Structure formats: structure tokens, C-alpha cells
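Following are the structures in question.
Here chain A shows up in two complexes: once beside chain B, once beside chain C.
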Partner chain A sequence: MTSLPISIRSLTKAHGALTVLDGVDLDVRSGEFMTLLGPSGSGKTTLLMVIAGFIRPSSGQVLVGDKDMTRVPPHRRDLGMVFQNYALFPHMTVGENVAYPLKRRSYSKAEIADKVNAALKIVQLEALSERYPSQLSGGQKQRIALARAVSFDPRILLMDEPLSALDKKLREHMQIEIRDLHDRLGITTIYVTHDQREALTMSDRIAVINEGRIAQVDAPAALYEKPKNLFVADFIGDSTILPLHREAGRLMLNGAPIHPGCAPEAIGTAPHLVIRPEKLEVLRDGQLPAGQNLIEGALRSALFQGDSVLVQVELADGAVLSLRQPGRHNLPEPGHRIRLGLPIADTVVLAGA
Partner chain B sequence: MIRWLTSPAWDQVAHYRRLWLYAIAILVMIILVAPTLIVIPMSFSDSKYLTFPPTGWSLGWYRTFFESSTWLMATKTSLLVAVFTVLVATPLGTLAAYAIHESRLAAMSGVHAVLLSPMMVPVIMVAIGLYFIYARLELLNTKLGLVLAHAMLAIPLVVITVLAGLKTYDMNQERVARSLGAPRWLAFWTVTLPQIRPAILNAVLLSFLTSLDEVNVALFISGGENSTVTRVMFNSLRDEIDPLITVVSTCLVLVSVTIVLVVQLANRKSHQ
Partner chain C sequence: MTAASYFTGSDEAGSAATLKDDERRERLAIAGLSLPALLLVAVCLIIPVGSLLALSFIGAQGNLSLENYQRLIDNKAYLAIFLTTFEISAVITLICMLLGYPLAYFITLLPPRAVGFAMLAIILPFWTSLLVRTYAWMVLLQKQGLVNSTLLKLGVIDEPIALLHNYAGTVIGMSHIMLPFLVLPLYGAMKAIDHDLIRAAANLGAGPIVRFWTVSFPLSLPGLGAGALIVFVLSLGFYVTPALLGGGKVTMVAMRIQKSVALYPNWGAASALAVVLLVVTALVLLLGLWIWRRNRGNRPVMS
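Let's turn to the complex of A and B:
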């Protein structure tokens, strides 16, 4: 089976005055696991439905391989789809569900039986082929929906928040299982979610979508470490975002200079400092290692959270920032002065809106 | 009583404390079926007049019914028209309900209102309107005219019933079927239709009974050899009141009950 790249070109979808998708360009590489991540109402599901062929775009193109799919009806797009609520056919057995796409294609009875078996084997549920969906657990339903979506060797797999109906533990297990399935089949996959942790865990690359536009497309680590705008910085991870002032060409936070990790002229107007809680380090009095920015404030609280301690620090202007560290060692008493070091390489400064 | 209403569900109410509720339920059921049931013994009467209770028993009026070409022809017309009404109204109403359910067009709510309008106008007005239109189209006293008129009355019921069925159906299933390679009509036929089958069977039932029981429109637009049973009943009531009418009623009740039972059985089967 060969998988195909997907290319989305200046795609726009408008309902009257409301623009749901606003000139989206996105290239998904062959065999890539691409996640569309965004808050609800950002247009990520609409984008998926355009790729699937259920929504006709106002303008723009969807290319699969080098073929223009924009006007091709859904049943001729040759793609597997998994929905949030599984959408198994309740009046058919598991085997009949998985055979459904095969019966729509010209396979012989024996071939269909083989392929159904193979697909059920992939999700390790061969024994359930005679059951009805109502007799399955949530996780089993999800696996059957997956088996049905890949039984006919589609070139592309689309998933619309497939795990949101499962409980946390099962969800985390299924994330790994779906990623594993993707790696084994090598199928180009587009996955929609609003759960950033899920996106970071599973994806090769993530397209962050906001208000119908793509805010950033990058690998999970790059997205986390080097957000390109404040929306991405705020949406991914727990960040503290603080406005900076410019004084004589330098960036200042409460009168102290901040050296950004990138060239200061690249930042533009209204600079903001983005701080990830695990990048900050508590410094001893008088200590300032080279290559670090110094931030001073007063300790407000230190909350034990099991695997880490969440420390809240109040700055001179009343802004509060959070940091995370493994234990309570070298923390002052609440209300006392605390000195924090932020490596210049991790100092992200972005232009505000 | 107020305390009973506001007490939580786990606070089980003893049966003897809701005897009054059972009494009301039984009373309502009696009121609902008594007029129907009283007709049945009357049809076996040997009297020349409508009497209750009958003074003596006989099958004489049944013989009269089955020997009367007028009544038999009217029965045949009624059943034929009812079957064709189902065949016209159910598919059209189902397709309309599907469109109303799926379309995001703003104009669709207008279409919905138009489709339900035959229910909102008094039937007698519909009948008068039909009379004048049919006179021009030469559809008066024809089976085709009756079928079209009855289908018009039945379509709103089909639309309402099927829409209710679609509300509890997950349209993503049809989308999945389409993504898996089924054209839209096939996805509807193989995935949606089997799951809204109970609603469609109810729609069949309602359109059949609507047509079979219909009097107002039939009085205006049916006649001659295409008179419906209800129309002939109405005429005969005007001329003479004899137990023959109760024979016809009993037969109609029998047909209706059979249809209801068949639909119920079919629904139960599709539930399993």
C-alpha cells in the first residue's frame, strides 16, 4: 500500500458573513501523522469535513497526491474515517461493520472474509466478529471503528476527536495504540483534537488552528519550545505571558533587562515574554549563572502536586508567574524574596496583538 | 398529594396509595374504546333497527353486507385508495423529512411549514378547495383524485413521525458509510433506513388509517363507483338507520386493529 500526501491550498469556507476557514494552506506529507489542534469553533472539524468531502469549500483546493479532490464526492475519495462517537452501524455485527467498505468495492466473498479478519487482527478483536456493537465496551467500539476505517487499505485516515468519549486512562492507552497502528500501516493520517496533550503525544506535526486560520505548523517539540505567536504560546502548555517594555533598545521586565533567545529586532511591537513553568530555576542569593535572565519576585505559594511542586511567584507589578520543580528544597518561606533564573536560550519573546 | 409529587424517586409509593391513579387510567381507557366496542355486539343483532343491547342474535346483516355490490365496491375502493395513499405519502414524506433534517438552508423552515399546512387548515376547507380544483382537472369521482387528496392529508403525519425518528438517529453513521464508499442513496438505504424503520412503519400505519377513516374530503370528491366506504356509510345514515352500518364499522375496526398489530409486531422484531 502506498500512502499519499495531501495538499490544501488557500481553502476558504464562509457561511454568509461568517468565515469558518480563511485561506488555509497546509501540506501533509505522505505517511505523516498530522494533528489539527484548536479550540472549539476554530474550524478544525470543518477543515476535516472539507478533506472528507462532506463540506464543499467556498474557494481553494484539496489535492491528494497530484489529483484535485475538491469536487469529488466522499464515496470516491478512498479514505477511512473515524468519528468521535464511533458511528458503528448498530444493526450489523462487528464483522458486517468491517465488511461494509469491502462490499462497496468489487471483492469476492473470500477476499472480504480475509480482509475482515486481517483488519480485526490489527486491533486484536478477531473473536468479536459475531457480536453487535451494543455488546461492546467503549474501547472495543473505538477499535472496531478503526478496523472498519482501514479494512479496505485506504490511502488516508481521517479521525475526528476519536477518543474524547473515553475515560482518561483508556484514552491514554488508545493514543499509543492509534499511533502504533499508524506506524505499522504507514498511512497518511489527519487527526482532529482540542486536547493539546493528545496532540503532543501522537503527532509527527501539529497544525494549530485559530479562528479559521493556521497559527503554526510544527513538530510537537518545536511548537512547545518555539511558539511563533502569542496564541500558540498560550494555547500549548501552561505558560505565563508577561508584557515587556522597551528602554533604549533593550527589553525590560519591572526595570530589569531581559535578553531574548532570538534577535530583538525580529520581535516587532508590543513584546511579550513567554515563560514555561519548568524552564525556571530557583537561584541562591547573589548567584547568577552566565547565559541566564534574572527575574525577581516574592514567593506566594508552593503547592504539592504529586510529581512536582507548583510555585507561584508575585512580581513587583503584581503579575503572577508559575514554575514547576521536583521538590520543596531551596524555596524561601511564603512572602519572602525569590530569585529565578531563565536560560536565555529558552527566553521566548513574541510580538503582542 | 403535593408531597407525593415532590418526594424523590427512590421513595417508593405503595400500590394501594396509587389506586386512584389506576382508577383514572382504566376510566380513560374505557372512555376511549367503549364507543368502538359497543358497535360490535350491535352488528350481530336480528333487529331491523339500531338497538343496544340487541334483542336477538343473527348474522343476517353480515349476509346483507356481503351480498351488496354497493358496499363491496366501496370497501374495495377504500382499501385500494388507502394502500396507494401509503405508497405515495410514505416515500414522499420520508424524503421531505430527510431534507428538512439535513438541510441547513434557511428556506427549509418555510418548506417544513408548507408541508404541515394541510393539518392546520380545517379539513372541510381543504375539501371545498379540492372540489373546485378537481372539477377543473376532471379528477372528481376518481380513485387517483382520492389518493392524491389523502396523500396530502397523510404527508404531514409522515413528516412529523419520520422527523422524530431521525432526531434520535446519529447522522454521522450515514457520513461514515459514505466515506467508506457508499453513494449517498446507498448509505441511506443500507444504514439510515434500517434504523428509522420503526418511525417509517408508524408513518405507514398513520397514512393507511388516515385514508381509511377519512370522510370530509371523500364526501366532496368521491362518488359513483369510486365512493369510499365512509362516504357510503354517511349516505346510508342519512336515509335509514339499520344495523348494516355497525357491520361495516366492525369490519373497519378489524382492518385497523390488524394493521396496528402487524406494525407493532414488525417494530418489536426490528428492536431485537
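Let's turn to the complex of A and C:
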């Protein structure tokens, strides 16, 4: 199967005064798993619908390969799509559902039967071909929708929050299964979700979308470790974000200096410190390893959460930051002073809005 | 605290027996609440239909007899009346389907505010008396009526055509009156079709026409079937409109029943006709129900 790259160029969609997409540029590489991640109302689903051809953009272009698709009607775009509620045809059997796209193309009866079988085999549900969608479980419907979307060897696969209706365990299982399917077929995939963990688990790259604009496009680890702006820092992971002050060219938190992981001049106005809870280390009295920033406060609470202990520390100015560590070791009594070390390499400082 | 005392607020023994008492009291309350409705059904439905059934088995001499039914079989005119009734009902159902389907589909495509207006236009005739609507058709369809004069002016016809007091008039008037009964359930069924299904069909390579025939149309069939069944069954027993617009040239069962009562004061004959019509209508409804059940069995639609 040949997969194709997708290029979105200065795409804008406005409904009257409301701008849903605001000059979006995005390049998806051939065979890449790209996730559009954003809060609800951010425009991520609208972007997917424009790519699928269901929504006409106000301006801009959608290119698949080197072909301009912007004005091509949806039924001539040759994209597979998995809908949020599966959109299986209730009056057709599983087999008829999967055969539907094949019947619209010039395949012989024997070829259709072969391709339906092959698609059902991919999702390991060959046995269900005579069933009706209402006789399937949520996970089975999900797999059939996936089989239908890839049965006609589309060049691109689009998915609109396909796992949101499933329970947590099944969702995590399907995340791995979908990623595995993508790897086997090597098909360019655009996946929409509002679940950051899902995006981090599945994607080659993630495009974080906020208010109709792309906030950052990066690989999951880069997005998590090196967010480029406060929106991404806040949206991905459980960060504590604290405002910093500038004194004589140095960045200060409650009167203590903070050495950022990047050049301080690059930060601009209104600097903020972004702290990931697992990057902090509890230090013993008098200890300060080289290459760490020191943050001092008072222990407020330590909550056991099964796999880790969530520690809340109150700083001098009343701000509260969270850290996570495997056990209760090194922790003082609640209300007592606690010293925390943050590696300078992990000290992310970003400009405020 | 036991479960019973938890609900009643008392700390008395919540044994299995008291719980059972609570349940019995609750059931009695529900039965008591439904009593007025049951009485209404008994007085307004069971007693009249029962007495009708009884009347149909009483002969001219006041004796118990099957003569009323025997006459229906012997006199071929009755068979003709039944056939006419079925034919007209079938024709009207067909016309309503042909007119109502595009109409209902069109309404689903309207923006929300226009939908309200369209629905009002469909329901509005229900607020007008059936008699008034029928007389309105008489005004429109008569020799010097709006329809004939317009056609004459346009030069489509050279002399007025007979649209009133015949088969054509009956069919036109009845179709108009029956149309909402088809459009309303059909529109409901069309509205319930998940728009993502149409999008999915497009995404999978189906153009607009193929999308309609493979997805929209099959999914609207239950609504079309329900509407057609209502129209057919209502047409079977229709009296006012065919009596006024048919001009005596079209005889349906309900009109023959009226004649038996008013002209010959023969309650037995009228009752027998009514009972046969009732049974036939019930059979049609059962057939519809059976087809619906069978299709649902094949293609479950609950999600």
C-alpha cells in the first residue's frame, strides 16, 4: 500500500464572527501517525472534517500527495475514516458494512469477498461477518469500523475520537491495537483526541491545537519535556506553573535564584516556571547537588495513590506545587520545612501570555 | 437499620413480610390510579363494540341468526363495495407515499426555523374541521372552481373537466386529508437517522444518489411503513369526504353502513358490515405488525 503525505496550508474556517480555524499550517509525513490534540472547541474536529471534505474551509488548501483536495467532494477523496460513534450502517451486516466501500469501487464479487475477509482478519473478527451492528459490543463495533475504513486500501486514515465511548481498560487496549494496525499497514493517520495520555501513547507526532491555531507540533517526548508555550505546558501533563521575577538579569522564585535550562534572554517578558511533578527530588538538610535549583517550602500533605505518593508543598508566597515520588521516604511531618531539588536541565521557563 | 426502616424512617422490624406488604400496597396504588382510564376504555370502547357485535347476530325477527352475514356473502354488491374500499384506500396510500416522501425528505433538509414553519403548515389542517376541508375541495374542484378556471385560462383544457362527484374527486380530497398522517411518522424516522451515517457513506465512496438509496431510504422505510399503514387503515373506514366528494358514484363500506342505518333502519345489516370492516382492519394492522416484527428480528435497530 502506498501512503501519502498531507499538507494543510493556511487553512481558515469562520462562521460569521466566530473563527474556528485560524490559519492552520500542518505537514503530515507519509506513513506518520499524527494526533490532533486539544480541548473541546479548539477546532481539532473541524480540521479533521475539512480534511475529510465534510466542511468547506473559508480559505486555505488541503493537499494529499501533491494533489489539491480542497474542492474535491468527500466521496472522491479516497480517505478511510473512523467516526466517534462508529457510524456502522444498522441495516447491514458486518460483512455488508465492510463491503460497502468495495461495492462503490469496481471490484469483482470474488475480490470483494477476499478483501472483506482480509479486513475482518486484520481486526480478528472474521466470525462476526453475519451479525448486525446492534449485536456487537462497543469494542467489536470499534474494530468493525476500523476494518471498514481500511478495507478499500485508502491512502489516508482519519479517526475522530474513536475510543471515547469505550471504558478505560478497553480504551487502553485499543490504543495499542490501533497503533499496531497503523504500523502494519504503514498508512498515514490523523487521529483526533482530547485525551493527552492517549495522544502521548499512540502518536509519532502531536499537533496541539488551541482556539483554532496550532500551539506546537512535536514528538510526544519533546512536547512533554520541552513545551514551547504555557498552553502546551499546562495542557500536557500535571504541571505546576509559577510566575518568576527578574532581578538584575536573574530569575527569582520567592527570593531564591532559578537557573533555567535555556538562555534566560530567550524567555522574554513575564517568565513562568513549569515544574513536572516527577522531576522534583526531596533533599536532606544542607544538601544541594550541583546542577540543581533549590526550592524551599512547607509540606502540606502526602497522599498515597497506589503507584506513587503525591506530595503537596506550600511555598513562601502561598503557591502550592505538586511532586510525585515512589514512597514516603525522606518526607518530613506535615507543616515542616521541606527542600526540593529541580535539575537545571529540566527547569523549563516560558514566557507568560 | 434494615432496608424497610430505612425507607419508612421507622425502626420497626423490616422483616421479609413487611417488605412484601409494602410491595402489595404499592401495586394496589398503581392499579387504583389506572382505574379511571380502564373505566373509560370499557365505557367508550368495549361496550359499544360488544353491542355492535351482538346486534350483528340478531335477525329481522329479533332472533339469533347468521342472516346478516349470509346476506354479505350472497349479495355480490357487498363484495364490490369492499373491493372499492380497498382499492381507494390502496390508491390513496400510494399517492400519499409518492407525495409525502419527497415532502418529508425536503423538510429534513430545511434549517431549524423553517422546519417549525413547515411542520405548522402540515399540522394546521388538523385544527380545521374535516367538513370544512372537504367543502373547500368542493369549491376548488367544481366546474367553475379555481382548478378548472385556471386550467382553462392556461389553455391546458378546452372545457371544464369533471373533478367533483366522482372517483377523481374522492381520491384528491382523501389524499389531502390523509397526507399528514404519512408525513409525520416518516419525518420522525428520517430525522432520527444519524447524520454521521450519511457522512460515512460519502467517505466510503458513495455519491449523493447512491447514499440516498443505500442508506437514507432503507433507514426511512420503518417510518414510511408506519405512515402508510395509518393512512390505509384510516382510509378503510373513511366516511365524510368520500360521501361528499364522491357524489354517490363511489361507495365505500362506511357509506353503505350509514345507508343501512338511515335509509332501511336495518341495524343488523349495518352491524355485520361494521364487524367485517373492523376484523379486516385488525387483520391489516396485525399484518403490518408482523412485517415490522420480522424485519426487526432480522435487522435489530436498537443500539
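Following the convention adopted for this analysis, the second predicted complex is superposed on the first by the 353 of 353 C-alpha atoms of A that agree within 3 Å, B and C clash if a C-alpha of one lies under 4 Å from a C-alpha of the other, contacts with A are read in each partner's own complex, and residues count from 1 in each chain.
We take it that a contact is a pair of C-beta atoms (placed from the backbone, for glycine too) under 8 Å apart; a residue touches a chain by one contact, two chains touch by 3 or more.
This one's a predicted model, so the numbers in the text were calculated from it and none came from an experiment.
A.B. asks: Is this a clash or a fit when chain B and chain C both end up on chain A?
C.D. replies: They clash.
A.B. asks: Touching A:R105 in the superposition: chain B (first), chain C (second), both, neither?
C.D. replies: both
A.B. asks: After the superposition on A, what does A:Q135 contact: first (chain B), second (chain C), both or neither?
C.D. replies: A:Q135 sits against chain C, while chain B stays out of touch.
A.B. asks: Taking the superposition on A as described, I'd like to know which of chain B and chain C A:K168 touches: first, second, both or neither.
C.D. replies: neither
A.B. asks: With the two complexes superposed on chain A, say which partner A:N85 touches: chain B (first), chain C (second), both, or neither.
C.D. replies: The answer is both, since A:N85 touches chain B and chain C.
A.B. asks: On the A-aligned overlay, A:H75 touches which partner chain: chain B = first, chain C = second, or both, or neither?
C.D. replies: Both: A:H75 reaches chain B and chain C.
A.B. asks: When the two structures are overlaid on chain A, which partner does A:R284 contact: first (chain B), second (chain C), both, or neither?
C.D. replies: So A:R284 meets neither chain B nor chain C here.
A.B. asks: Quick one: is A:R148 in contact with chain B, with chain C, with both, or with neither? Answer first, second, both or neither.
C.D. replies: A:R148: touches chain B and chain C.
A.B. asks: List the residues of chain A that touch chain B in one complex and chain C in the other.
C.D. replies: The answer is residues 52-54, 73-81, 83-85, 87-91, 100-101, 104-105, 148, 152 of chain A.
A.B. asks: Once bound in the complex, which stretches of chain C touch chain A?
C.D. replies: By the definition above, chain C touches chain A via 194, 196-197, 199-207, 210-211, 214-215, 218-219, 298-303.
A.B. asks: Any idea which chain A residues touch chain B in the complex?
C.D. replies: Listed in rising order, the residues are 52-54, 73-81, 83-85, 87-91, 100-101, 104-105, 148-149, 152, 158.
A.B. asks: Okay, in this complex, where on chain A does chain C touch?
C.D. replies: Where chain A meets chain C, its residues are 52-54, 73-81, 83-85, 87-91, 100-101, 104-105, 132-135, 148, 152.
A.B. asks: Spell out the residues on chain B that touch chain A in their complex, using ranges where they run on.
C.D. replies: So the residues of chain B touching chain A come out as 170, 172-173, 175-184, 186-187, 190-191, 194-195.
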